[in-house]
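Chain nomenclature is as follows: A, B, C, D, E and F, assigned in order of appearance, with residue numbering initiated at 1 for each chain independently.
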Amino acid sequence: MQEYKYESELVKQELFNDKRLSKRKMFDSRDISIELNTLQNANGSAILTLGKTKVVAGIKIMPETPYPDTPDEGSISVGIELSPMSDPNFGSGPPSEDSIELSRVVDRSIRESKGLDFKKLCIKEGEKIWCVYIDIYIINNDGNLFDACELCALAALKCAKIPKLDDEFKVVKEEYDGHLELLKNPILFTFAKIGDKIVLDPDLIEECASDARFSVAITEDKNLVAIQKGLHGAFKIDEVKNMASTAIKNYDDVFLKFNKILKSKSAH
Amino acid sequence: MSKKKDEVVYFDEKGKRFDGRSQFEIRPITLKVGVIERSDGSAYVEWGQNKAIAAVYGPREMLPKHLADANKATIRYYYRMAPFSVPDRKNPKPGRREIEISKVSGEALSHSVDLEQYPNTAIDIFVTIFDSNAGTRITALLAASLALADAGLPMKDLVSGIAVGKAGGKLIADMNKHEEDASDAVDLPIAMLPNNNDIVLLQMDGVLTEKEFYECLDIAKKNCQEIRELQVSALKEKYSVDFNSGD
Amino acid sequence: MQEYKYESELVKQELFNDKRLSKRKMFDSRDISIELNTLQNANGSAILTLGKTKVVAGIKIMPETPYPDTPDEGSISVGIELSPMSDPNFGSGPPSEDSIELSRVVDRSIRESKGLDFKKLCIKEGEKIWCVYIDIYIINNDGNLFDACELCALAALKCAKIPKLDDEFKVVKEEYDGHLELLKNPILFTFAKIGDKIVLDPDLIEECASDARFSVAITEDKNLVAIQKGLHGAFKIDEVKNMASTAIKNYDDVFLKFNKILKSKSAH
Amino acid sequence: MSKKKDEVVYFDEKGKRFDGRSQFEIRPITLKVGVIERSDGSAYVEWGQNKAIAAVYGPREMLPKHLADANKATIRYYYRMAPFSVPDRKNPKPGRREIEISKVSGEALSHSVDLEQYPNTAIDIFVTIFDSNAGTRITALLAASLALADAGLPMKDLVSGIAVGKAGGKLIADMNKHEEDASDAVDLPIAMLPNNNDIVLLQMDGVLTEKEFYECLDIAKKNCQEIRELQVSALKEKYSVDFNSGD
Amino acid sequence: MSKKKDEVVYFDEKGKRFDGRSQFEIRPITLKVGVIERSDGSAYVEWGQNKAIAAVYGPREMLPKHLADANKATIRYYYRMAPFSVPDRKNPKPGRREIEISKVSGEALSHSVDLEQYPNTAIDIFVTIFDSNAGTRITALLAASLALADAGLPMKDLVSGIAVGKAGGKLIADMNKHEEDASDAVDLPIAMLPNNNDIVLLQMDGVLTEKEFYECLDIAKKNCQEIRELQVSALKEKYSVDFNSGD
Amino acid sequence: MQEYKYESELVKQELFNDKRLSKRKMFDSRDISIELNTLQNANGSAILTLGKTKVVAGIKIMPETPYPDTPDEGSISVGIELSPMSDPNFGSGPPSEDSIELSRVVDRSIRESKGLDFKKLCIKEGEKIWCVYIDIYIINNDGNLFDACELCALAALKCAKIPKLDDEFKVVKEEYDGHLELLKNPILFTFAKIGDKIVLDPDLIEECASDARFSVAITEDKNLVAIQKGLHGAFKIDEVKNMASTAIKNYDDVFLKFNKILKSKSAH
């Protein structure tokens, strides 16, 4: 990311005075907007913008054979495509390690919140379960894909419909059997450490200036459900505690906005 | 029990198609230029249920270098369908169909751009289909051509296109998935430079008489010219300049 | 294909007077020869030469599980190997996009002619169907692999035997249960546009000089069943109509020759 | 019939865990430096049932060249599990889990080495797990840090680590597979430079309150410092010099 | 019900094998040089039911360049079986067996060519098996050696070969598939430069006594010399010159 | 392997007088040491050193579906990882052709000795069989990986336990149902030809100086059960006979040492 070398310097200069180029406060997130279920072939979908970062998530809920060691549990699968259309530095080809890390952090944020009851996703023990496929494409990358993808996945899940099955467990096209139930609303908060300053929801230029990254997923009961530290830099213990407590503090505000958008868009 | 294909009716007593369209009526098209900030050019096209986003990056350095052409830029076209864009979930890995479509679509667009101006470079076009209902390769092509124009590349003309075909015994324009599954279905995607009627993409599956084939070409020609107008409008909307002036 | 630059110029000079280097007329195909069923492990095979272009097609008819959405239909699968033995420019490794396009056009020519009744290739609905594997290798590439491969596939199919199955749907080795029935005889005709001239059945040097390619598959009832346009050049509508009508005009002649060779080689 | 998870007891009446350990007791650790003659540096670490071997090659030429960083060496970390190292046979092809662990572990180690001294080069670290019972990524990281030291690379400090977590309602240190399968299990692997308590790796799965999380960090800090002593002893055993002198 | 292997008879009362051959009789061999116009050298070999075509390209530029050997040409040998060349359909992707055979066959041919004359280059040999009935690696090797000669490369000698072995309790030459499936089957493919009896390829599967093994070597030696005569005749047929003169 | 150019010359100089740099005699093997069953997740395991060459083999015995043509036979699968930790010239990535050749020679040495009765590895005909997976990692490469891997595989097999199965043919964790029976003890002997000299058990420097390689597997009844010749050089018939007879002569000595180590380590 040599391209933003000059801008990175600007970022650092401003941060010297606890200011961001974007005029945001250190722990402020960018605005979000969401469109729901505009894609008919998906069982649920969301298009989310976080500032200028734009991602789309599509859900497919498919009957599959259960894993032998969990015959009565459904499963989820998260795949994130760092689509080359969204960033000149993303290549085509098989998933990169960046894409794999991102997918797995989003997967854990949702899975570990226990918002999806995997037992309820069992169709017939040992024979058929529902697998919830969450596929996410980056459309425009202006930084913080972690939070954008996680929130977009959550929005898509919350409006997803479960297909109807016939007696042979085959999907009946265009018929549905209720909604996916989501018992928790995990929201991911990602921080960047630049020099010795920490900001929430870094944009692309801030990411280019970053030394370390910290992501933590919080649920409505203010529990932590997933954490990932990244990049070459290090955090002090107090910094980590401060970021966790900031995320918890910010949860209600973000969740409120998120819910409001969802309710305004969605009938159910 | 599934209905036999032969019992399916493709035209009602008033000659209307399953989705209410008349024989040669096309589905609504929405086009928007400049939708991906990071790209050099981009466009979004909605054609009925089909939704495609295209981004252009380039001219930029060709990597690996040995693929570079010393005389001109090389267009690389990547047509991809999102796993959730089809009734069954699609494997995210590009399949043989996507690779073939990418090849012929890239060739079609290569005719429209003055590639000689940028020797040794690559012009990468990435198109993703997010929702589909027959006709995605043409939807993608419209978006890609707009994205090339948005990237400011020198072009002979825009590439317009349509899938014409046949279902239930009659020729139709812009068939949908339901019609594509007819037992006598013919799918004939075609793309042209509408200003001089250069055919740059043409494929066909299914059984047509010689006469029907010629009719299809003529239907396509008319549609391409109309669709070009929509593309020009979309460009004007972004740039507020007259793209027709230099024709 | 820089290697034939000089020859390409010659091709274009001659075409200025509607002449070809090979002395062929604009819409003449090269001679074909065919050998049938010389390969014992194949259920059907053909070795075809079209001028100096040489290809071999082998058929394997195997019992397989049907696709869920067509439980009572067999299927075909066409794979064409642009074998590096046939051309210094062909590499080893996974199928290139050239190979995939070629395979898919040959597949469509055969499939869309509806010459193979897929319902008749059902062994037991929902359980077992026949899959007809058509694998084609290029032995020497002197141009127009499209027509050579398609005709070779057709010849191999026409002499293919269906294996005998035991009660468990396993193949009984070296025993057969009749022939594959082919109700149509689709023949592919490929044209090259060089400057503003169009020729049928281009050889390798003509291909190197080509701007655009047009292939159309015709059946004995003079219907068009598959079309593919290729390369960077464009066609005018009248050119396309002219090529289609030329292909239809040439069909009987080519089919007659083809059938004559087949009958002289084959007992049944 | 398999026992329901909820009926499983994670602490007996004396507060001992399933394998006899107390709440914050860690399993025995054995470390050995210099076990692969061909490598530039290597180490073997046994932590309970976990067994990891690490080898360092480099600094050496970065291939392919376009991946080289003109300002510093690049650490490439390969964490791999042998097919026979887990209860079911693992596919030998590296999975997504192994790729993610390799990424964050390589990033953690990058912080500990003075990479600027070797611009344009690669430092390759290969770690293989031969036996496992929860906690392999940390076991691997200890081995890798020792191997880097054994390779004579300039380091700020060793990287130490531990997985802390929760099972059966209580926080614990160094959980095993049995505890990892608890219905309320939390796995929190963490790695630090113990001298200044720099956190270089931190991941967490499972549900923790804010307070529990802070407690986990403090437990980890104490353990990392103790484990660092074991690492230093292992180095001393090979080199008979005092690695603490320069701290 | 399938017959038990042990009940199978491999020699009839007259000592003839299942296909009528005597114990050391080999199947008919047909060889033809110069069958692929585009190649630098090529040959077709039919050995019983086995059918192989070989093409040589090179010496030509080695790509990727870092694989080039500054002291000599590098032979790359690609042995491949067509999907329809075996009783069950073979996956077109090269399997581990094909890769191993390619390696040892390429090594065998490397001994026969004066590679030092062409430093930094690649000599690529592509061999495809179109029909098979035991003994294909040797059939391929005969074709490849003829193709190298056809390409005009400087050679110490041709490479000849045969698979000797055992079935039904007796040593045999040139076993077929039926014999290869015997419960006591031994397959011993061997290739030599017949003029000085240099063994360049030798593999064996199955149980042989020391004495049997030595006998196999002697049978092979005799056969290789005879097969070399057939190879020379095939070359003469194309070139009408005496290849034996310089021996 | 340019790195050992100088050492290669030394090797050749010494061999001129039938001497080896290591002071070993021409047909002497290096010392072996073996550790057994130190890996608890493996069903059997061995860590073997041959001089400074060190390899580890782990066995997994898994219930699998039989191949259609051998419904009543178990199978084995050998995979050898030329781990990049063991040699600066080994890369990561999919198996190289060196690794494939090595795996297949070890596989054949064990398989062709008929020491494993595949019929006894049948669980239920046509439904379930045991597959014995032998995975081998190179830890340090100081030459002759062929003999090291084969002997290590043999040691691991000889101490491998067969898992217990429940009624549905699923593995019951940490319970066993007896030992794998090995009726033969095939031992591989690998020779290197350097100039016109031949040595047994080449170390890495000798390998770098080698022109040709010859490996032969011998069983206790002094039969030959697998052979592989490698590299660009050639052998004379008498050389091959001499190597085979040397291997047979050396068998008892090596097997005795091997057995002694095994007995000292293993309870059963």
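What we mean here is this: a residue touches a chain if its C-beta (ideal position, glycine included) is under 8 Å from a C-beta of that chain, and two chains touch if they have at least 3 such contacts.
Since this is a predicted model, take the numbers as computed values, not measurements.
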item: Graph distance between chain A and chain C, where chains that touch are linked; value: 2
item: Neighbouring chains shared between chain A and chain B, ordered by label; value: none
item: Minimum number of chain-to-chain contact steps, chain A to chain E; value: 3
item: Per Cα centroids, the chain farthest from chain F; value: B
item: Chain whose Cα centroid lies at the greatest distance from that of chain D; value: C
item: Chain pair repeating A-B, as identified from E-F, A-D or C-E when over half of the contact pairs by residue number coincide; value: C-E
item: For chain D paired with chain F, centre-to-centre distance based on mean C-alpha positions, whole Å; value: 32
item: Length of the line joining the C-alpha centres of chain C and chain F, rounded to whole Å; value: 49
item: Interchain centroid distance [CA atoms averaged], chain B/chain E, Å; value: 52
item: Where chain C touches two or more other chains, by residue; value: none
item: Touching two or more other chains - residues of chain D; value: none
item: Arrangement of touching chains [line / ring / star / complete / other]; value: ring
item: Sequence of touching chains round the ring, chain E onward through chain F; value: E, F, D, A, B, C
item: Residue ranges of chain B in contact with chain C within the complex; value: 96-97, 99-100, 102-104, 107, 110-111, 188, 193, 197-210, 213-214, 217-218, 221
item: Partner chain F, residues of chain D touching it in the complex; value: 35-39, 42, 49, 51, 53-55, 57, 60, 78, 82-89, 92-93, 124, 126-128, 130-133
item: Chain E contact footprint on chain F (complex, rising order); value: 95, 97-98, 100-101, 103-104, 108, 112-114, 214, 216, 219, 222-237, 240-241, 244-245, 248
item: Touching residues (chain side chain C, partner chain E) in the complex; value: 38-43, 45, 52, 54, 56, 58-60, 62, 79, 81, 83-88, 92, 94, 133, 135, 137, 139-142, 171, 173
